[in-house]
């Protein structure tokens, strides 16, 4: 059975899954759809692995499949990597969906659309022509929109989130369309290969325009500042498996789009393009991290941290292009590899985090950190998995996040002295942004884990929470296992990632990494031995535990109430809240976050020196949304009002408009002629 | 500055009477203390301050004040135990890991002193928690307190 | 030298380093306390007091708050273990410790971050008010210190074209002049501030405070007792000693052994002890004359460190 | 002296000049700010000395001596007297808070580096490559002048700019026209004296010398 049939089989299975999801009774539909999605995923994964193994792309064309243009399939190693990434998230997410289904996923629509969403995401990287790509892209956008709206009946917020997402994603899609059309205009045929051929002869200005349009369009899908506004609205409202899919894989496809246009179609560009990308990335990373630290809803926090991670990826892409433009293709390749590693890592731990947030929601009915607490005792496995995933996103060794940060830092470090002023100035600032982002990420996730999972439960519903069904735990466990494996044995996947990077930048002769057990930069001094490091850490932990056991006179601890400075009672309300935990960061960065705080104190009747009750409220809303989007929306509203005045409904007025238009046209003709 | 490092010190040398050995053997050489004011008139507090001040400098004998009873080996209790402080005192002593010593500082702590029979007074420290070492005096002289502490640290 | 014997040698040296720092860290802290007391005109506790305290703590009862989870007993272990690994792979007495190929400044920094992160989680595990307060402050300061730290690493690494610490140190040994370059001096200036912030010394954090509201590190560990507390304090002192060790070997790597021969290792040990002691005494003298900075003045301090590091990078680009 | 020694020494003193400029943004107490200025003058004299020794140029050494007396001794002493006038005076509320100013200083340094790339290519000498540092010191000084409120710190800002100019001049043309430099220092000296008188009078009138209070003199 040839590779292309695998791709086709995957697609067909996906559609079948959708049909089953639509027709089967409520009890079965999600499970059946999920199982079929796994089948589809395994088909596509097989095709992708084949491509990565042989290194040659799968190419096929079917006239009948799409009207007019026909469908082109070109699955090159780069696309294959992203297919595998989608598979890595989709399988656990659908597995989690089985247990999660009663939270809005077992409706006919949802059960039908979810498989379609996954299938389109599996196929987007395999699209070989503009038409095919845009078709799939649009279906992906539509299906994801429907899934975001899954709970719109119960939740008002879901509706507004849906509107925001719809607008952003379609603005993005239209810019992408324009970008492609500009290139396709003079090209023979609309396959990406033809476009790449033609793009070489385009004028620099046009190329730049195309690239910037693509960055805006795909950036809006990837959630880069200032196009990130839909993430913190959509993710909290969408069902958690959908959030995991959107944040883990759909966002990654936005990155894929940037690489596709920037490297594959346009074949790189001048330094300033990449400085723009790098700047966008740095700003997104910082902005996302800052808002993640000050969000009090777990899924909102995760959404902002998605912006932060994507920002780091863009930072890596920008650095890569910068170094390539400065005449260091090896460093460019290294940067690209770092970027791709960051994408893969993000898919692993962000998927795990969103899914475990979903488990917590299923168990307690909320994701508001200030209502959670003490969950690690009540949901030990989910809690432990969340802890590991949080450690991974904090880039703590020996987990996968650390590998990504290390590669990024190495590529920046060796790019620091490339001799181009732009690079030499950009690199230190990039390192600073990366570092501050990493630090703030630690704050955000120590908050999420500490407030949400540790300490005392803050509400009754949390107190009685119990562990979720095995499938949901297994789903999270798979992704967490991926985090660990990618962290300890990164060379299992790094060669494949290198091959993908090579497909994007074919000009690079050698590979940036020396193959072996350790992560070693080729031709540069930089080596990381994650396996040895892990071993050393394990030995050290074992050693310390034995030392404690041997030296301690009383090994068994005495369990008693926490030390409350001799207080008679201690309640959960005495604990730090998510808001108070983030307060120092908020105060340091209040110029950026601008928290809205108000304190109303009601004094007692007898004397104003006695306080009856004091209510403190603090909220951090998105400065970019407030400053950039709200005014636009208001303006549009005003235009709408103005336009209404033109339509009083009198026939004569309308005829008058027509007449006026005719006169104008005639004058224009007269002037031109 | 070098003069400050090697020059004369404000601390007075103190002779130790060797036969005074109090408290468990684990605490020899190192005694972390948590101070609880159970309702004192702050006379004893003043003496305690000077005990850990430069002149008497109990730190040179291995005694040190700490922030949490979890970190402490001994509880220094001053004053008679008032009603409000009874429970906190019990909790503090209970929160101090074994082996530990409870040291009653001053007459009030030993036997309520002038406050005996006061309406707000539960009783002496010994009536609320088991006391290992009592230091009489109103207030006790710093040397007396230090002698007791050295009895525990054997320094 | 055959690979096996080389492995054994490096392993042994790393063991020596770990033991030296485990025992030396408390002594360093004791020395710093002694100096402080002397400057205050008092006798002060003996230099070995911290070691005596540790011995006593191991003999005492362990206590665990009833709300706590497995994080609570795990945190001290992880803290000490990560610091120990960092010590083992750092060129403290020799330029060839075990795993020296991956003893990367970046790795070292993140190993230390692991310890502090787990400790911050443990601070919130008991569900008390002060624990959360300490954790919040600790992670905030960590986040603010990180840019300065990584840019410092960048400034130190550009010269050697690698962030591998042995490479940097050997470079310094080869060209002693490189210490006096402005880039190195700026970076080291930044590093001092970062070290003070990371090891919780004045003016960032007052390790001797008794008032919970002024605490940062202490507030996180209020719940620990007995052996666990011993591990936490040991971890803190090891961390301080390690950071100062890295610092002195970046400033003046002389005396550092370039092999794993026993004689050179002994020389290296003595040199390290002398250098670290000197820096530690200077630090504590400085501490006597400084007050703790308000929590919300800390950004100024750390921003200063950050700018120093940036200037280091720039002057590195200018002065070639 | 030897090439590498010369270049590193020159780089060192030059970067001390920049460091002092940054220190004026970092510290709040006016006394410390003035001390930073003094150290900067010292470093500037050091630059002149190093250049003089390297080029065996006695004139430069004389300039170094003059710079030392004017910028490292006389002017700081005058300013220190003004500060001593009201002890404990601090730059309490700068227009831009300290962390932001420090980050701004970093950015300004980068700007100077980027802007003077062309110049440095024109002057390929060791000294020429250090011009960015001088430019950065100048910019940071200007930033101090703009964002600080107290009269003293503004005077210091003026002097920082002057020192920056001097440093750039030294580095660009190893061996400045003596008179130019002297003239600059002298009129600044005059300015300082005038301002000191002003400041002293202001203090006697208004109690303190926060320049924003000058706006109240209108009516």
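Lettered A, B, C and D in written order, each chain numbered from 1.
Please note the rule applied: a residue touches a chain if its C-beta (ideal position, glycine included) is under 8 Å from a C-beta of that chain, and two chains touch if they have at least 3 such contacts.
A quick note: this is a predicted structure, and the numbers were derived from the prediction, not measured.
K.L.:
Decide which interface, A-C or A-D, involves more C-beta pairs in contact, and give its chain pair.
P.N.:
Result of the comparison of A-D and A-C: A-C.
K.L.:
Among the chains, which one keeps its Cα centre farthest from the Cα centre of subunit D?
P.N.:
Farthest from subunit D by mean C-alpha position: B.
K.L.:
Measure off the straight-line distance from the CA centroid of subunit B to the CA centroid of subunit D, and report it in whole Å.
P.N.:
Whole-Å distance between the two chain centres: 57.
K.L.:
How far is the middle of subunit A from the middle of subunit D, if each middle is the mean of its Cα atoms, in Å?
P.N.:
Chain centroid spacing, subunit A to subunit D, equals 48 Å.
K.L.:
Would you kindly tell me how far, in whole Å, the mean C-alpha position of subunit C lies from that of subunit A?
P.N.:
Taking the mean C-alpha position of each chain, the two centres sit 35 Å apart.
K.L.:
If you average the CA atoms of subunit A and of subunit B, how far apart do the two points sit, in angstrom?
P.N.:
Each chain's C-alpha centroid was found; their separation is 59 Å.
K.L.:
Multi-chain contacts only, two chains or more: what residues does subunit C have there?
P.N.:
59-63, 212, 222-223, 226, 299, 306, 310, 314, 317
K.L.:
Provide the list of subunit B residues touching at least two other chains, using ranges where the numbers run on.
P.N.:
Correct list: 26, 68, 70, 95, 97-98.
K.L.:
I need the residues of subunit D touching at least two other chains; which ones are they?
P.N.:
99, 110, 113
K.L.:
What are all the touching pairs of chains?
P.N.:
By the stated definition, chains touch in these pairs: A-B, A-C, A-D, B-C, C-D.
K.L.:
Can you list the subunit A residues touching subunit D in their complex?
P.N.:
Checking each residue of subunit A against subunit D gives 421, 425, 428-429, 588, 591.
K.L.:
Subunit C touches which residues of subunit B in the complex?
P.N.:
That would be residues 1, 4-6, 9-11, 26-27, 29-30, 32, 54, 57, 59-60, 62, 64-68, 70-71, 73, 95, 97-99 of subunit B.
K.L.:
Inside the complex, what are the residues of subunit C that reach subunit B?
P.N.:
Residues 35, 37-46, 49, 52-53, 55-56, 59-63, 209-212, 215, 218, 222-226, 229, 285.
K.L.:
Which of the residues in subunit A end up touching subunit C in this complex?
P.N.:
Touch list, subunit A to subunit C: 373-374, 376-377, 383, 387, 391, 394-397, 402, 405-406, 409-410, 412-414, 416-417, 424, 427-428, 431-436, 438-440, 442-443, 446-447, 449-451, 454-456, 518, 524-529, 532-533, 536-537, 540-541, 543-545, 548, 551-565, 570, 572, 574-576, 580-585, 587-588.
K.L.:
Which bits of subunit A are touching subunit B when the two form their complex?
P.N.:
Contact set of subunit A toward subunit B: 553-554, 558, 560, 563-568.
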